[in-house]
Amino acid sequence: MSKLLKEKIIKIEKLAPLLFRLTIQSEYIAKNAKPGQFVNIKCCDGIDALLRRPISICSVNREQGLFDIVFEVRGRGTEILSLKKPGDILDILGPLGKSFYAPKDNSKIAIVGGGIGVFPLLFLLKELRCAHKTAFLGFRSAENAVLLDEFKKESDSMYVTTDDGSLGSKGFVTDILEQKLSEESYDIIYSCGPVVMMKRVAEAAQKHEIKCQVSLEERMGCGIGACLVCVCKTRKDDGWEYSHICSDGTVFWSSEVIFD
Amino acid sequence: MSKLLKEKIIKIEKLAPLLFRLTIQSEYIAKNAKPGQFVNIKCCDGIDALLRRPISICSVNREQGLFDIVFEVRGRGTEILSLKKPGDILDILGPLGKSFYAPKDNSKIAIVGGGIGVFPLLFLLKELRCAHKTAFLGFRSAENAVLLDEFKKESDSMYVTTDDGSLGSKGFVTDILEQKLSEESYDIIYSCGPVVMMKRVAEAAQKHEIKCQVSLEERMGCGIGACLVCVCKTRKDDGWEYSHICSDGTVFWSSEVIFD
Amino acid sequence: MVISEDMNIAVDIAGLKLKNPVIAASGTFGFGREYSQYIDLNQLGGISVKGLTLEPRQGNKPPRIAETPAGILNSVGLQNPGVHSFIENEIPYIRQFDTAIIANIAGNTVEDYCKMAEILDDEDIDAIELNVSCPNVKAGCVAFGNNPSGIYEITSQVRKFCSKPLIVKLTPNVGDIRETAKAAEEAGADALSLINTILGMAIDIHKRRPILANNMGGLSGPAVKPVAVRMVYEVCQTVKIPVIGMGGISNGDDAVEFLLAGASAVMVGTANFVNPRACIDVLDGIKSYMLKHKYKSIYDIIGALELNQ
Amino acid sequence: MVISEDMNIAVDIAGLKLKNPVIAASGTFGFGREYSQYIDLNQLGGISVKGLTLEPRQGNKPPRIAETPAGILNSVGLQNPGVHSFIENEIPYIRQFDTAIIANIAGNTVEDYCKMAEILDDEDIDAIELNVSCPNVKAGCVAFGNNPSGIYEITSQVRKFCSKPLIVKLTPNVGDIRETAKAAEEAGADALSLINTILGMAIDIHKRRPILANNMGGLSGPAVKPVAVRMVYEVCQTVKIPVIGMGGISNGDDAVEFLLAGASAVMVGTANFVNPRACIDVLDGIKSYMLKHKYKSIYDIIGALELNQ
C-alpha cells in the first residue's frame, strides 16, 4: 500500500557537484518500503516542474522512521529538489513499485550498479541477510563515486570501476563482472543502471545461467499504473507485450525483459 | 532610469492576516525612487506566477539603502511573495512610473488613501517638505489599519475611517474628505486607492477647485510601456485616448482622467 | 470535505445521472482501481475509463510522455486490454462503487465503433463516450474527428447501436470547433465532451530528436486551460445538448470556470498524476465556491457567465 | 556573453539579412525604445515592431491581459500610432541601432494592407510582416488568416506593392496550418512567421465574467511552446521558403527546439515582459548550445531534427 504523504526533510547533503542525499522523516515509508521501491516526489507546489519525479529509496532507518534518497540534478525538478532545506515539507507518493526478490539466507549474491543506479542497491544490500554479497559499482569518475564506505560495510567484496579510470579500474563495470563470472558464480545478480549496462549484465547472467533481476527506468506520469506511459517490452507466450515499469516493475527478471 | 536588479530581502513582517511588509536592500532604488513609483517583481523563478507583479514603493531609507513595500496577499504571486525569508534574493525591475507632483514648500496638502492604496502615500508624506499635511485614510476594518503611527508622525492631522466602524469613523474616507472640504481648503490633494474612491475624490477636488493627482492601477504585462495593456482613458483636445498607466502614470492629474 | 447538506450538486447529462459533476477523464484514471488506494471512488460523479478498442492494443513505443511548461505531451496510443476484457474484468470492479461508468471507445473504422457500441450497449455501463479525436494513433479516429462530416458520419452510425447516453468527445485540433460540435449534435449525440489533447511536439535538443518515440503527442494539463474554456464556451453557445468540459482542471476554481462557461460537468485528467486526490479536491473546491457565494444548486452556476460589453 | 569569434550565426531569410537569428516579436517590444535601457539593441537580429494600421488605433478596453498557467492572454486590439507616425517618429529612432526593422502591419481590408505596403516599401525598413492573424480585432485580419484562400488573396495582392522581403504571419487557430502555409507560399510570400496567439478565455469566477474586457484574447508564453514547435515543424516540412518560429521562447534551449524543427530564425515575445533581457539571454543560450556541441554555423542546427522511427 502506498500513500500520499507530506513529510519533513531532515537533512540535505551535497555528495558531489550534482549529487545530493536527502534524509526524510517518514514513519510510513521507513516501515513499509522494500528494496527496489521508489517514491514519486512533487518537487514544488504549483505548475513549475508539473509532474512528480520518481526517485528510488536508497536506505531506510526503521528505528528513527527516516529514509534517504540520492539523486542527481538533471533538470528543473531535481534542481528545485536540490535547493530544499531541512524543515521543508515534501509531497511524496510511495512506496511504489515491486521490490527485489528476497533470496535464501545461504545465497551468494551480486549487485551490479551503474551511475545513479548504484544507490538503490545500497538499500538492497542492507536488507539482504545472505551468505555472501559482492558489489560491482560503476561510476563516470571518482567525483561521483560516493558512499563507498557504506557499500563496503554492507558487502563482502566490492569492485569499483570508473569510465575515466580516476578511481578503481578504468572501464565498464560489466567488464569486471564478466571477468569475475568466469572465475566464480552467484545464486542471483541484481542490477540497476543504464539500459546498455543492464542488457550486458542480463546477457552475462544468462550465459552463466544465473538468475538475474533488473530495475528499469522510463519517463513516468502517474507512477501507479494508471496512465500507461512507462512501458518496457516483456516476453509472453505468443510474443511480447508492454508492461508498466511503475507497477509491474520497476524490478523484472532479466529473462522477462526484451532489451532492444 | 529603471534597472533590472537582484536585491536581498532584509526583513519580512506580517502586519495583518493578509498584509505584509517587505524590507529590501537596494542602493539603487533607495537612491532613485520617488513617491508614486512602483517596482515590478518576479515573485518566483520559473513559470509559476509568470508575470511580474507591480507593487508600489511604500518608503525608502536612503542612508541605509533600503526600501519597503507593503502588499496584500490576493493570489498566487503575492502568496509566494509572502513566503519569502530574509536573505532571499528578489528579481526587481524599478523604479517605474511617474511620481507625484512636488508642491511648493508653503503648500497645504492632503492625501486620501483607501485600502492597500494607503501605503504608497506614506512615502509621499515622508518626502514632502511642506507647510501642512493632512492624511485621510480609509480601511476595510481595524485589522487592516496598520502603520498608523507612521502616518501620524508624518502628518499634521489624520482622519481614519473603516467600512465597518471598527476603528475611526464608520463609512467611506471620501465622506470625511467632503465634510472637511466644506470647512477648509488644500493646495493639492493626492489620492490612491479603489477607482470608485478616487473618482469621488476627483469630483470633490473639482468642485472645490483644488488640484488633484490620482495614482491608477491596471493589470500589467511589461510595466515599462512596451506591451500596451495597462490603459486608462485620458482627455485630449478632440476627445480621449488610452494612456498607459505604467509609463504615462501611474500618477495622473485627476482632471486628465476619464473615470467611467 | 465541505459540509453541504442542503446543496444540490447532482447533474443530469441527457439521462446520465451523476451525483456530482466531477468525472475522472479517460486515459488518466486507468479503470479506477489504481486510485482506489488514495480516494474513495464512491465520491466521484463518474469515471471515464481508459480508451477501449475492439481488440487489445499494445500502444506506442516509449517514451510516451514529455513534460512541457505547465503541461504534458502523451502518446500512449490507446494501450488497452480490449473491450471484452474490460467487460469481464473491469466493469465488475468499478460497479462495486457508487459512481457512473463511462466507456470511452476508439476504433479504426466506423464498423469498429459500431461493434463496440453494440457490445457495450448490453453491458452495465452508464454512457458511451466516442473518442473520435485521439491524436496518438495513425489510422482511424483522428480522421473522423477533425471535420464535421466525419463526425456526423460516425456519430449517426454509432447512434443506431447505442441506446445509452452517447457522448461525443471533440478534438481542439480544428479551425472552428463549433462546426464539429454542431455536426455531432445533428447526428444524434446526447452530449459532447471537450477538449481532447492539442497536438504538440517537444524536442530533446541534445539528442536532436523528439522526446516522444512517436515524435508528436497530445498536450494536456494547466497550459491548455484557457483554450479549453474558450472552446467550451463557444460550443455551449452553439449547441443545445449538454457539454462536459475539461482541459487543465486542477482545482475547484478551474472547474467553476468551465461550469460558468456552460459545461454541465467536468472531467479531471492530467491533474490526477500530479495529485492522486485531484478529483476530490476539485469537488470540494466547487462546493466551497458554492458555499461562499451561497449557491444552493449547481445549476445556478452552469452557464452563468456574463460577457463584458 | 558567450565568446564566439569563429561562430557563424548570421542568417539570410529570403534577402532579409540578420546578424543573428533572434528577433523581438511584434507587440511585445514596442518600438524598441522601451527596452533600450535594459539591453543594447545593437545586439538584436531584428525588431518586429508593434502591429501598425493605416490610421492610429486606440485598441480595446482594459483589462487587456490575464495571466494563465505558464502563459498570458492579451487583447490589446492593435493600439498603435498609425503607419505615418511610425515612419516619422520610430524608424529614425530604431535606425540608430544596427538591427533589422520588420514592419508588422494589419488592416481591415485588402486595400488597407496594400496601401500600407506601398507606403512602407519606400521607407527605410528591412521587411514587412503581414499580420493576418490577430485574434483581437473583430473585423478584418482574422478573416484572412484562418483559411487558405483568404491568405492567398491578401498575400498576392500585397506582393504587388512590396519589393522588400514579405513575411506572412500565420495563426495557429486553424485545423491544418500546412494549408495556410502553402497558400502563402504560392501567393508569393518570401518567408513565414508563426505562431501568432491561440484564442483563449479566462474567467473571473467571483465576478462571473471573463477577465479580459474583450472576453477572449490570444494565448502566448511558455504554455504554447509544444504547439508552436509542432506547427513550425509541420510548416517547415511543407514549404520551401524560410520560416521564423515563435511561441513561448524564453531561453536558448527553447530557441534551439525551433531551429532544429526547421526555423531559420526565432522571435521572442512574452518572455520580454518577464525578463527584459530575454532576447539577449536567448541569443547567448543559442551560442552556448553551439559551443557545447561544437557547431560552427547556425545552419548546422537549422532543420537538423531527426525523427524517431
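Each chain carries a letter (A, B, C and D) given by its place in the written order, and its residues are counted from 1.
Keep this in mind: a residue touches a chain if its C-beta (ideal position, glycine included) is under 8 Å from a C-beta of that chain, and two chains touch if they have at least 3 such contacts.
All values reported here derive from a predicted model rather than from experimental measurement.
Steps from chain C to chain D, taking the shortest chain of touch contacts, total 1. The most distant chain from chain D is A, comparing centres defined as mean Cα coordinates. Once the centre of each chain is set as its mean CA position, chain B and chain C turn out to be 46 Å apart. As a whole-number value, the distance joining the C-alpha centres of chain A and chain B reads 55 Å. Chain B and chain D have CA centres that are 36 Å apart. The residues of chain C that reach two or more other chains are 66, 69-71, 221-222, listed in rising order.
Shared interface positions of chain A, i.e. residues touching 2 or more other chains, are given as 47.
Residue ranges of chain D in contact with chain B, taken from their complex: 27-30, 34-35, 37-38, 50, 58-59, 62-67, 69-72, 74, 76, 79, 211, 221-222, 270, 272-277. Residue ranges on chain A touching chain C, taken from their complex, read 1-4, 42, 47, 49-52, 93, 218-232, 241-242, 247.
Chain B contributes residues 44-49, 76 to its touches with chain A in the complex.
Against chain D, in their complex, chain C makes its touches with residues 61, 66, 68-71, 73, 146-147, 173-176, 198-203, 205-206, 208-210, 212-216, 219, 221-227, 229-230, 233, 248, 253, 256-257, 260-261, 289, 293, 304-308.
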